[in-house]
Amino acid sequence: MLKTEELQINIGPQHPSTHGVFRMLVTVDGETVTDLKPVFGYLHRNHEQIAEVNTYLQNMPYTDRLDYFNAMANNHAYAMAVEKLVGIEVPERAEYIRVLMVELTRILNHAGALGFLINDMGAWQTQLAFGMREREKILDLFESVSGARLMCNYFRFGGVARDLTADFMPRLKDLLVAMPAFIDEMERLLRENEILLQRSEGIGILPKDLALAYSVTGPVLRGSGVAYDIRRAEPYSIYDRLDFDVPVGSVGDVYDRILVRIEEMRQSKRIIEQVIAQLPDAQGGHINPKARQNVRPPVGDVYARVETPKGELGFYLVSDGSSRPYRYKVRAPSFINLTPLGDMCRGYKVADMVVILGSIDIVMGEVDR
Amino acid sequence: MQDVVNQVINTSFGWGWPSWAIALIGYLIVAALLFGIAPFQMLFLTLYERRAIARMQDRIGPNRVGPEGMFQPLADGVKIFTKEDIVPTAADQWVHFIAPCVVVAPTMFMFAVLPWGPGMVPVDMNLGLLFFFAISSVSAVGLMMAGWASSNKFALVGAMRAVAQMVSYEIPAVLSLLAIVLVTGSLSIVELINYQGGLFISTRDVASVPDWGLGWFIFSPVGFLAFIAFFIAALAEGERTPFDIPEADSEIVAGYMTEYSGMKFGLFYLAQYVLNFLLCAITSIIFFGGWQGPGVGWLYAQAITPVNPQGGWVFNVLAGVLGVFYFLTKTYGFFFVMVWIRGAYARLRIDQLMDFGWKFLIPLTLVNIFSAAIWVGLTKWGAADGLAFVEGWSPLVRWAAAFGVTLALNLGAYLFLARIFAQSQDERARQDDDVLEQLTNVA
Amino acid sequence: MTTETQHGSVIVMDRRRGKLRAGQGLLQGLRVVWDHWAGSFRKNDNFSKIHGTFTVEYPEERLPMPQAYRNMPVLLFDDESGHELCTGCYQCQRICPPQVIHITQAKDPVTGKMVPAATEFIIEYDACMSCGFCAEVCPFDSIKMDHVYELSTANRASLTMRKAQLNRSISYYTGIAPGLWAEVQAGAMKKLQGSIKRRPDVIGLAASLTEKIKARRLELAAAAAAAPAAAAVSAPAAPAAPAAKLTPEEKAAKLAAMKAANANKGAAPAPAEAPVALSPADAKAAKLAAIKAANANKGAAPAPAEAPVALSPADAKAAKLAAIKAANAAKQAEAAPVSVETAVATAPLDAKAARLAAIKAANAAKLAAEQGNNE
Amino acid sequence: MALILLRRPYGWEPMDLLIQIIFGLLAALIIGAAMMVVTVRNVIHAALWLIASFFAVAALYLTLEAEFIAIVQVLVYVGAISILILFAIMLTRSSEGERLLTKHWWAAALISLGLFGAVLLPTLIGHTWNIPLPTGPVDAPETLSGVEDIGRGFVNEFVIHFEVAGILLTVALIGAIVIAFEERSRRRRVLTLSEEHILRQRQQATAERVSAVADAAD
Amino acid sequence: MPNVSADDLRVRLGRALPGVVQEVYPLKVAPPPAQGHAPAAFVTGDTLVDAARVVDAALYLRDVLGYAYLSDICVVDYLTDGIFEVVYRFYNVEGGPSLALKVRVPRENPVVPSLTPDWPGANFHEREAFDLYGITFVGHPYLHRIYMWDEFEGFPMRKDFPKQGDKYIGEDE
């Protein structure tokens, strides 16, 4: 009788599908994964230590580099934390602009994440190219307001760096015309494609109660059927004024995560439309472009979190009354969403492992910090 | 070709060379020609694929080197030639070295039986189709050698996958062709093409049909199902998406090619694209009539052939050009379909691939062989073969009856198998309840 | 299945189980890709379309840079005069998160005191993260973000940019970001007007200085009575301006002149002839002239340093320098009447420069006067 | 085929020479490869040499105008059997074997030679040499090599043999499947996270039920 | 489930698990001396619990109060006080603000029971805390370095970790 032998292989750190420098120490029995240990830290730069040396404002551009796909959302979390610590009020218009940017970020992140996921399944980048096309449009908008495509560095304590430019709104409205077509097309490509169904249905199941215990966030948590969205659970900024649905899955497999991401793009588009409708009302307000460059918060600690496209991004700040944070901790969604990876991959094939990793949607800049 | 060489040497120059020398020269010229054409096809197809897939992704594709990127493949070739050839220390040097050659050689062999136009076949073997597939299976040895000699886990796994895939998908490919062979009653590729004259109905089935060169097999239910099955199997044989599992870059980096660089890597690449070309060509020949098309048959009838020595050489040229044009158009059309599929789909998993091949494709092709037998019986057999009731039917009625029966049979089989297959996949995806029950009881 | 919440609901995604899957989804996918292929033969740069080629063929075609685009900071100088806007205030150096800005402040060659200019300004482009904070904090709008993105080089050391490499003209910047420069101008104007309205007499001075100045003014008033003649020498400079309602620039100029004149108070007339006619681009010449004048006065018998400088609109810096030098010279000479005639044409673009010049001149004059008084 | 054409009566002499040369080369290749098979130390190399030998044999068939046999030789031996051998060797994982030429190799050589001679000698003795070569047109190619004939032979003359062979193969196939299934069922099944979860839940439920029953009994 | 405030939690936790809740004492967060102002006292508003019984408290939060979602575990190094503070942050899935449990352990011997057996999601948080601060979580199934390599010495996020000079630099270059 043929006896199969357990084999240890290293997937990564240099591997086409590890989404960065990430290593998976996989024990396989034939093609079946029996054990997986994620190994990372290759991008570790002790971001939190660096942040303790910088002033509060100087940390803002560093947050861009955490999850370089969603710089705006990272900015938002950090700005919120400092504002909470110091007690700064944000003008209404700035809040609307912030939400607008963060929701655009969500669309671009999901467009890219789905593309990369399908790439991991072996498609030759068509879905990714479609996603990237929409992403580029959004990045064009980001560039026109913030000056950079990825490292936006756009939020300031108590406002945003610059007001919307004159051509921003018309372009955004054009983009929103294309958005439903894009999302429908993505859905047509992915939703009923038999190959994709075979690759994603029943793969990487994370049951509902385990998803909670594993502290996963974002689409991974919602894909498992937990309707937990911070925008809804603990509304921050102006989210309590906006109507949107929270999509959840029912099984918790890769397919559910895909469906949830597609639907979240729709909901983000809905939010953006509402923001556009409500924004003129806030026109009177200012946006505080250069407000509070040098903050000196009172002694205390604060935890602020936002729902980034990848999940809950939290900043825990401890202030000693000086202009530099005493402790600066990032609760990164990609990092925590990696926790169940090893257990989720167990019992599946090596090819599924890659797909499961893709469905978590990690960015190593955030995992390693 | 011998005719031309004979014409030139013995008639024009009057040297009076013996026949065997003429034949040898003729074969050598043809071989040299094909040897030149094969890499050219690879160069062309890489560019073609990149441009086509770029268009599908709203991009333009390589368009810098030369007009419209025409010389991009040459630039790539130069790059590959000048790259350092790296052989891993732990590799088996000789096997590592020979493997690419073993992979490339069969693809070159396969050109020997490929008809390009009317009367333009290097060797008209009466076992051409069998030869084609027998030789194509040899490259599996080369892949195995490459995977083993690299002494790399990814390479070995890739080679294993490649060989398993090739071996198991050769079965549906051959079975689907068997249906066609059953209908034509010949394994000769030339004969297969000749069979496909007509207009939607082959002239061999119904003699009264005008010969427009459009009596392709694709227009019959048997041929259509065989085409679907064969094309899917061809995708798997050629390691194209969604069956590019042996080189699944997201799992096993580059499969058996992982440890190759420079020209050896280039040879694998060459073999792959030439094989893709050949598979597209054979698909177009078997199901879409190869060089058959409106006008070719008529032109060729006027040309100088052994049957018709009084023809005009102009018609030879015209028929050849038109035939090659039709043939290449269809072939590149199929390559476009390959690219199209690559642009649209993800990749299957290895076990799903095997499932698909064994549980869906092979039953389907078996049913198709049954259909083909019905087709042959209804269109060709008579009372002498035990089919008395067809006596007296007109050929068209017989053809219609065959069409109807096989269509119903094939469609029913397809839907039935699709449902069963989808269900089995669904069950695999769901929790294996029985196993859990068992385990619960044990615990 | 949906559950209503306050704003919107929770949707459970429909997995469409139980549908016969016989390849329709695959055909649908092919259809989508085909549409893109068929649509790709025309170009598309419209945000509202999803079909058509979006490629920008880079070296030939380039995307238009939005004005706000930021890539690597540069320093601005005035086109005509060559006046560098940077004063070496270290604000940018302080805020720079990766600490790549290094400034050496200019020193007066004579006194060794700091002057508001930078002799060296280094930015390590290789470590710069283009966050744009330096441009945001710069109070003089001298550091701005460039639009050049083709910076790749094989030589990393060449990315340590010195001042000469960083200098860009204002017209260059208005070329790449006209809207932003207009904002800068508007902002500077507004600030200036605001501060003039608030304290017309101490434009731009630090609050800590105003007390001192007040005290000095009292002393000066007393002293002025003692030496009316000396003051009269330079008096004609001020009334040259229209009396009705002074624009901020004129006010600044007047102030500068007054301060300069005050410096001359109590000095014996010893004319050091340095008539410098400045052409628009002769900032350097002005500076040189001033230095020369100062040198001439230094240690010499008291001689009035006559420096009638006709300033072109953009010569703020020159004026500033001239004033400083003149003041220094006067101080050195202990009693050299210097009359600085600054006729600054009012152009909104130069409001700031003029203001700066005025402030600097005033400060210098004040210092000189102080010293003169003490002795 | 090429060689059929070469057999045309005019100018058979150089053709004959060509055939002889080709035959010589092929024979050398077959023997050389076969020698390598038994002498190389690396088992994989031995298998590869075996493939080369198979291939050369196929070419030899071609020179004998047995096209079908040649193609089937390639298809079955090179394309399938050799792959099977390679797979088997790779799965057993010990590619470096003992060198099998021991010090008694001469005895082995003697025995092989003896056996070879026993086969060859009667042929050599019984063969009639110096048959005059046929003149005039060659016969039509032998019909046995045709596919059609083989097919007809299978379903007419040799139908029993064919059926028996078919049944044998089917039995072997079924046996292989049975073995594979048995092996699969015996293999340690790796539970996925969700399966494990459900299992744990069920166990908990059973435990609770048991304790409830126990409580009720108390 | 209704949301629980921090004060409420202290009361309820004290009642349910006597001896778990500790009295909050002010901490001296010291800014670097260069900044030159007096150390400020920091009194936290969150619940301080006994390090040894943090698992009980956390389970109470999860099972009784419904705060099942462990969002974050964060360590703060209070060098002048000589303690590490471990902050556990819990959320209710129904919504609402967080509840934090704080645990103070001496810097010399930082040992905290691990939450990983009950919350697998605490795994990486605790490994990170072990890696960067050197806190030992008793009961953790795989307490290894997560960011730094295994041979690394020292705990880089501690306040007394040398900020300059690195013995590893120079080896590679």
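What to note about this one:
Chains here go by letter, A, B, C, D and E, matching the order in which they are written, and residues are numbered from 1 within each.
Keep this in mind: contacts are C-beta pairs under 8 Å (C-beta built on N, C-alpha and C of every residue); 3 or more make two chains touch, one makes a residue touch a chain.
The structure presented is a predicted model; accordingly, all values stated were derived computationally and were not measured.
The chains other than chain A, linked only through touching, come apart as B, C, D | E. Relative to the centroid of every protein C-alpha atom shown, the closest chain centre, again from C-alpha atoms, is found for A. Two chain pairs, A-E and B-C, are compared here, and A-E has more C-beta pairs in contact (counted per touch definition above). Chain centres here are Cα averages; for chain C and chain E they lie 48 Å apart. Distance between chain C and chain D, defined via averaged C-alpha coordinates, is recorded as 86 Å.
Centre-to-centre separation between chain B and chain C, using Cα means, comes to 72 Å. Chain B and chain D have Cα centroids lying 25 Å from one another. The set of chain A residues touching two or more other chains comprises 126, 130, 133, 189, 193-196, 201, 210, 232, 340, 343.
Counting partner chains per residue, chain C has residues 21, 23, 26, 29, 32-33, 36, 54 touching two or more of them. By the definition of touch given earlier, these chain pairs are in contact: A-B, A-C, A-D, A-E, B-C, B-D.
Listed in rising order, the residues of chain D touching chain B in the complex are 1-2, 5-6, 8, 10-11, 14-15, 18, 42, 44-45, 48, 51, 55, 67-68, 71-72, 74-75, 78-80, 82-83, 86-87, 90, 146-147, 189, 191, 194-195, 198-199, 202-203, 206. Those residues of chain A that touch chain C in the shared complex are 54-55, 57-62, 126, 130, 133-134, 136-137, 140, 143-148, 151, 153, 161-162, 165, 171, 174-175, 177-178, 181-182, 185, 188-189, 191-197, 201, 225, 227, 232, 240-251, 255-256, 259-260, 263, 267, 290, 293. The residues of chain B lying in touch with chain D in their complex are 2, 18-21, 23, 27, 92, 95, 123, 125-127, 130-131, 133-135, 137-138, 140-141, 144-145, 148, 156, 160, 163, 167, 170, 187, 431-432, 435-436, 439-440, 443. The touching residues of chain C, when paired with chain B in their complex, are 17, 20-23, 26, 29-30, 32-34, 36-37, 39-41, 44, 51-55, 57.
Of all the residues in chain E, the ones that touch chain A in their complex are 29-32, 35, 37, 39-42, 44, 68-72, 74, 76-77, 87, 89, 91, 93-98, 100, 118-125, 128, 132, 145-149, 156-157, 163.
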